[in-house]
Amino acid sequence: MSTTIGVEAIGLAVIGAGYWGPNLVRTAQATPALRLEWLCDLNEERARGVLGPYTTVRATASYQDVLDDPAVKAVAIATPAATHFDLVRAALEAGKHVLVEKPLTPTVHESAKLVELAERAGLVLMCDHTYCYTPAVRKIRELIHGGEIGDIQFVDSVRINLGLVQPDVDVLWDLAPHDLSILDHVLPGGVTVEAVAAHGADPIDAGRLCMAHLSVWLSTGVMAHVHVNWLSPTKIRTTVIGGSRRTIVWDDLNPVQRIAVYDRGVDLAPAGSLDPAERHQALISYRVGDVLVPALPEREALREVMAEFAAAIAEGRPARTDGRAGLRVVAQLAAASRSAASGGRPVRLTERTKENA
Amino acid sequence: MSTTIGVEAIGLAVIGAGYWGPNLVRTAQATPALRLEWLCDLNEERARGVLGPYTTVRATASYQDVLDDPAVKAVAIATPAATHFDLVRAALEAGKHVLVEKPLTPTVHESAKLVELAERAGLVLMCDHTYCYTPAVRKIRELIHGGEIGDIQFVDSVRINLGLVQPDVDVLWDLAPHDLSILDHVLPGGVTVEAVAAHGADPIDAGRLCMAHLSVWLSTGVMAHVHVNWLSPTKIRTTVIGGSRRTIVWDDLNPVQRIAVYDRGVDLAPAGSLDPAERHQALISYRVGDVLVPALPEREALREVMAEFAAAIAEGRPARTDGRAGLRVVAQLAAASRSAASGGRPVRLTERTKENA
Amino acid sequence: MSTTIGVEAIGLAVIGAGYWGPNLVRTAQATPALRLEWLCDLNEERARGVLGPYTTVRATASYQDVLDDPAVKAVAIATPAATHFDLVRAALEAGKHVLVEKPLTPTVHESAKLVELAERAGLVLMCDHTYCYTPAVRKIRELIHGGEIGDIQFVDSVRINLGLVQPDVDVLWDLAPHDLSILDHVLPGGVTVEAVAAHGADPIDAGRLCMAHLSVWLSTGVMAHVHVNWLSPTKIRTTVIGGSRRTIVWDDLNPVQRIAVYDRGVDLAPAGSLDPAERHQALISYRVGDVLVPALPEREALREVMAEFAAAIAEGRPARTDGRAGLRVVAQLAAASRSAASGGRPVRLTERTKENA
Amino acid sequence: MSTTIGVEAIGLAVIGAGYWGPNLVRTAQATPALRLEWLCDLNEERARGVLGPYTTVRATASYQDVLDDPAVKAVAIATPAATHFDLVRAALEAGKHVLVEKPLTPTVHESAKLVELAERAGLVLMCDHTYCYTPAVRKIRELIHGGEIGDIQFVDSVRINLGLVQPDVDVLWDLAPHDLSILDHVLPGGVTVEAVAAHGADPIDAGRLCMAHLSVWLSTGVMAHVHVNWLSPTKIRTTVIGGSRRTIVWDDLNPVQRIAVYDRGVDLAPAGSLDPAERHQALISYRVGDVLVPALPEREALREVMAEFAAAIAEGRPARTDGRAGLRVVAQLAAASRSAASGGRPVRLTERTKENA
């Protein structure tokens, strides 16, 4: 924590004092490059409760007041997804930079519009894909981009626990943004998501999907899979990324060993002049090598998000998880919803929503 | 182990001295109700190696000699799946009872034929669905049939590890028989599998699916899911069975706590006269109760298989995992293969292959 | 978090802005019954850094200013152990209630003096034995006091990790206060610690014990054992409390299953008229029953500490972990140090330092 | 398993058909260099039961018959410890090589006598310190002897579970031989055990120690600790060997990751010319590096024991865990017993019982 706020600190307002807002408030206060001016919530009492009795930060129920305040250069929005489009648009139109919770908006159309608006106005539009800022995901990205794991052969991600049945979104839109944004972040440049299929169920009659299985096909032909579930009594958050050279196992609930890199796998020797009958056994071999557990720094991801938001604004560049990344994730979610509604057939992504710089 | 073999012991021959055969040899020798006469393998040397130098059991390469031996009343077949149909038929036609490894045969048609043949001849045709005889699965069956978990809401089964890429079958036919036979065994009477969908991939160009995701729809509308994978560097064998009252988590690799029964879940209160706007929050509630880890007896499943096989023969009754169970599993596998080959669309089971007494 | 501070809120100053102080600051601010007035540290800059740039709380380097402030009714002291005696005495003499970190002081003599001083002045002297306020320890206490586990047969506590080698205290005085205060808290009324022995080592030449094994004998004849170690690369925090009826296993690093109650153990049947030769086998039997994992509330222990401190002050009663508890723990630590210095011989506690209401 | 027994195979008799004998029978039969001739037990029926109904191996109740059989060159003894001295001596006097279960005998005097007897007769006397032949312990020995972990700084071994309360030995003599024989095996050449202290308890009135804590001092000044316990409802088998360069954590119950090598620890920089007041902080630093999990071969330790026994006989050399290793372990156990009986004071080992080639 810092005692003083930098002279050049960027004035910030946090919008939304619900589940996630208090975390934005806390980390914004710990970021020297930001100066928290307001916490805004329709329920001003709730905002005041989040700030606590010892604060110098102001609470308000008026979004307009925030947008009208020239000291506010940026807003961080943590409200229900259905409100994102209007709130983000208003902020951009008022010339504010925006950090917004995932999903960017509930539709591809709206998300694309916000991306366009921000780019035209030269403002930072950043999605809070928090996981992309964890030491674990940064290490995974580094391992993949550095070539350590070879070609990706499969991805398997499980994110299940006894979760809150959300009033406004189903389990796909609640949990899968994490997995899809991570995938978007760690894939090598040029590899895109081509199609998505999903099977889901609502076994408790909640009125929306409470569990879902997504199959995601990459432009390399590889299949990734994501399992999200609100009904599991045990919590699992594990992602396996199988590579031709090594395989990464990320268990986010194992603080001692979040990431393990296995030199273990099945190899296929290049085909020779063998008799077809003998070829099968001759070509396959197994590696059972060591496992390496890399040391990871201990850093709070959300603080990195805040620092990146401030840096992107200061440097006039897109944030690492910018609106386009948010748009790609929304497009994949929308395709998954369409697939689930039609018996699980694969739905292709359109050109516009899959480019990945 | 017993010193003597019972007077009424049933003469048995084991066919196949490959991967699984030695286990049948060992457990047959430890079953007083059986008298092991032969171990038969095309490679007689291999059979002799399995028996070891201190045995009184005979090795042979001739299946015909075994079938011609009147002391042999039953055979236990552990050969590649493609040979099952011929070997089982020959045995049944020779009047022998049969225990056969999974899958029963590679096609529904052949499996159905063997079931019919055995029933007409009044012979026991038993599938070695070994897992159904583990203390864990017996306890799960007891919990479900006793009503302890309420209505089944979802099933999620993961069976992944660095497995041998089989020369003759893909990962679906190699691993999913375990999950499907367990599901078949524990479901309440009258609940059937209606349809199956599968997405799979062969990322190492092995010439067959090396990973697959199955969605299985039950007649109650519930969705079950099975993930099988030969390429995972870590081994996971976990099945979650979510119920309206309690949820079972079975982790077969945790010897200390194979089964845990969670009194934890999401409840939906019966709808009242609430304003629709308030209904959502009012109706959903969460239970976070205790977890019970039932003590399980330590018993080797394969010995139970052998004992059940002997008992079914002695009592002239179908074995617990009889040919019909084997046929149902084969039908589900065949449907999964068809679905995987056609982009993952659900494939319905026919009436004939889904009845479950 | 609360927006407003109660009218009757107790004015509090936190002393010490080092490792633990910030936690006291944070939780005091979240306790409606308290009103945080000051954070005091010899290094005022450090205090200001802890408070951050958005606070209304004052920082100071002057302890005297704090003691002179009539708005301050209580202090919470988180400074090095060697300073506790002077700081606590000064506070008590100034008529302030005191919450102090463990250990109370480095000597039995000084600790006893502070206890006496507080009792004579009618002031609350509370030790921050934080673990005693965790849901886990409260459940353990309830299980023991409710008779669920029967008579305690053994206690085994392991608290090891790669810990900071402290400049002022050895591993015994740094880590064992946790285990000893927990033991003090959960033992049934009337059961006291009679003697302590310790073996320790300093394998890295740090100038003080870096690992130690304590044996603790209770008045019931039972032996408890505590292993503390700063040098272990893996972190273990496990306590087993074996009882004649059930055994508790507390694994504080397993959030899913912190406490498990095992109905498992060795029973000794009452002696009958058996031939001595046969007696041994006849008398011993084994229970291998179920395991129960009780649901625990999620509550931060330090908030409970703050609430208890405020309540003890408001109600004019001793806190649950009062100065006497702190004195008992210090006496045991001092005995352990003496034992370690003399080759591990058991050192008895004196009457005065072992009474446990 | 092998079909045939080598021409030069060594005739073997197994003595004792109780808890461990069946394992010796099974592995002897799988060792081509051995030819199992007899299984001998006072209860011939029990021996026959262990051999099963399909064997060509003979059962007998007469030890004399076994010793008189010229085809028997070696015996493997798995009887209660109290019988070892007489049985081993008789075998050696009959000119047979001996493999004997741990502990070698219950007293130092008898063990020393057997060692002397075997050496004078030029016969192999080997102790079945099975753990020393596991892939894990072999890897640990290799890591220590190869210098990878630097100087050993501490050893901590825990071996607890709900164990059978033995009729003839206490928990020290039942379980600690494992830990002490492993320590004996992996220590660098020339490092000896100098003294032992033990605290133990019998909380269930079983008539013997059911839990014990051993402190073991090495000639390098390092302290090792062993915790053995029959009463723990959970099973733990973990050994940590802390080194100046790296630390080994061996968790024998974690098949996925039995051994992990941590590049993590506390370093003390060489003292410079610093002001004493600043020295402490300046000299200590912490490494938090990667963890390496070495791949281990899958091999059954007892088969390695059998192979080593046969090889030692064939090559006329001492076995890796010879009588002297057994004697050292017995001497440490005897010292521990004496210490436990006298309140835990350290007991020094005599010169004769601590040499370690």
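When the chains are written out, they are named A, B, C and D in that same order, and each has its own residue count from 1.
The criterion applied here is as follows: a contact is a pair of C-beta atoms (placed from the backbone, for glycine too) under 8 Å apart; a residue touches a chain by one contact, two chains touch by 3 or more.
By chain, UniProt protein names: A, B, C, D = Gfo/Idh/MocA family protein.
No experiment lies behind these values; they were computed from the predicted model shown.
J.: Report back the single chain whose CA centre is most distant from the CA centre of subunit B.
T.: C
J.: When I count C-beta pairs in contact, which pair ends up with more: B-C or A-C?
T.: A-C
J.: Can you work out the whole-Å distance between the CA centroids of subunit A and subunit C?
T.: Each chain's C-alpha centroid was found; their separation is 41 Å.
J.: Averaging over Cα atoms per chain, report the distance between subunit B and subunit C in Å.
T.: 52
J.: What positions in subunit D touch 2 or more of the other chains?
T.: Residues 234, 264, 288, 291 of subunit D touch two or more partner chains.
J.: Quick one: which bits of subunit D touch subunit B in the complex? Just the residue numbers, please.
T.: 1-5, 22, 29-30, 36, 45, 48-57, 234-235, 256
J.: Spell out the part of subunit D that touches subunit C in their complex, as residue ranges.
T.: 153-154, 156, 158, 160, 162, 165, 167, 197, 199-201, 203-207, 210-211, 213, 215, 221-223, 225, 227, 229-234, 240, 242, 244, 247, 249, 262, 264-268, 280-281, 284, 286, 288, 291, 343-346
J.: Touching residues of subunit A toward subunit D in the complex: what are they?
T.: Residue list for subunit A touching subunit D: 257, 260, 263-264, 288-295.
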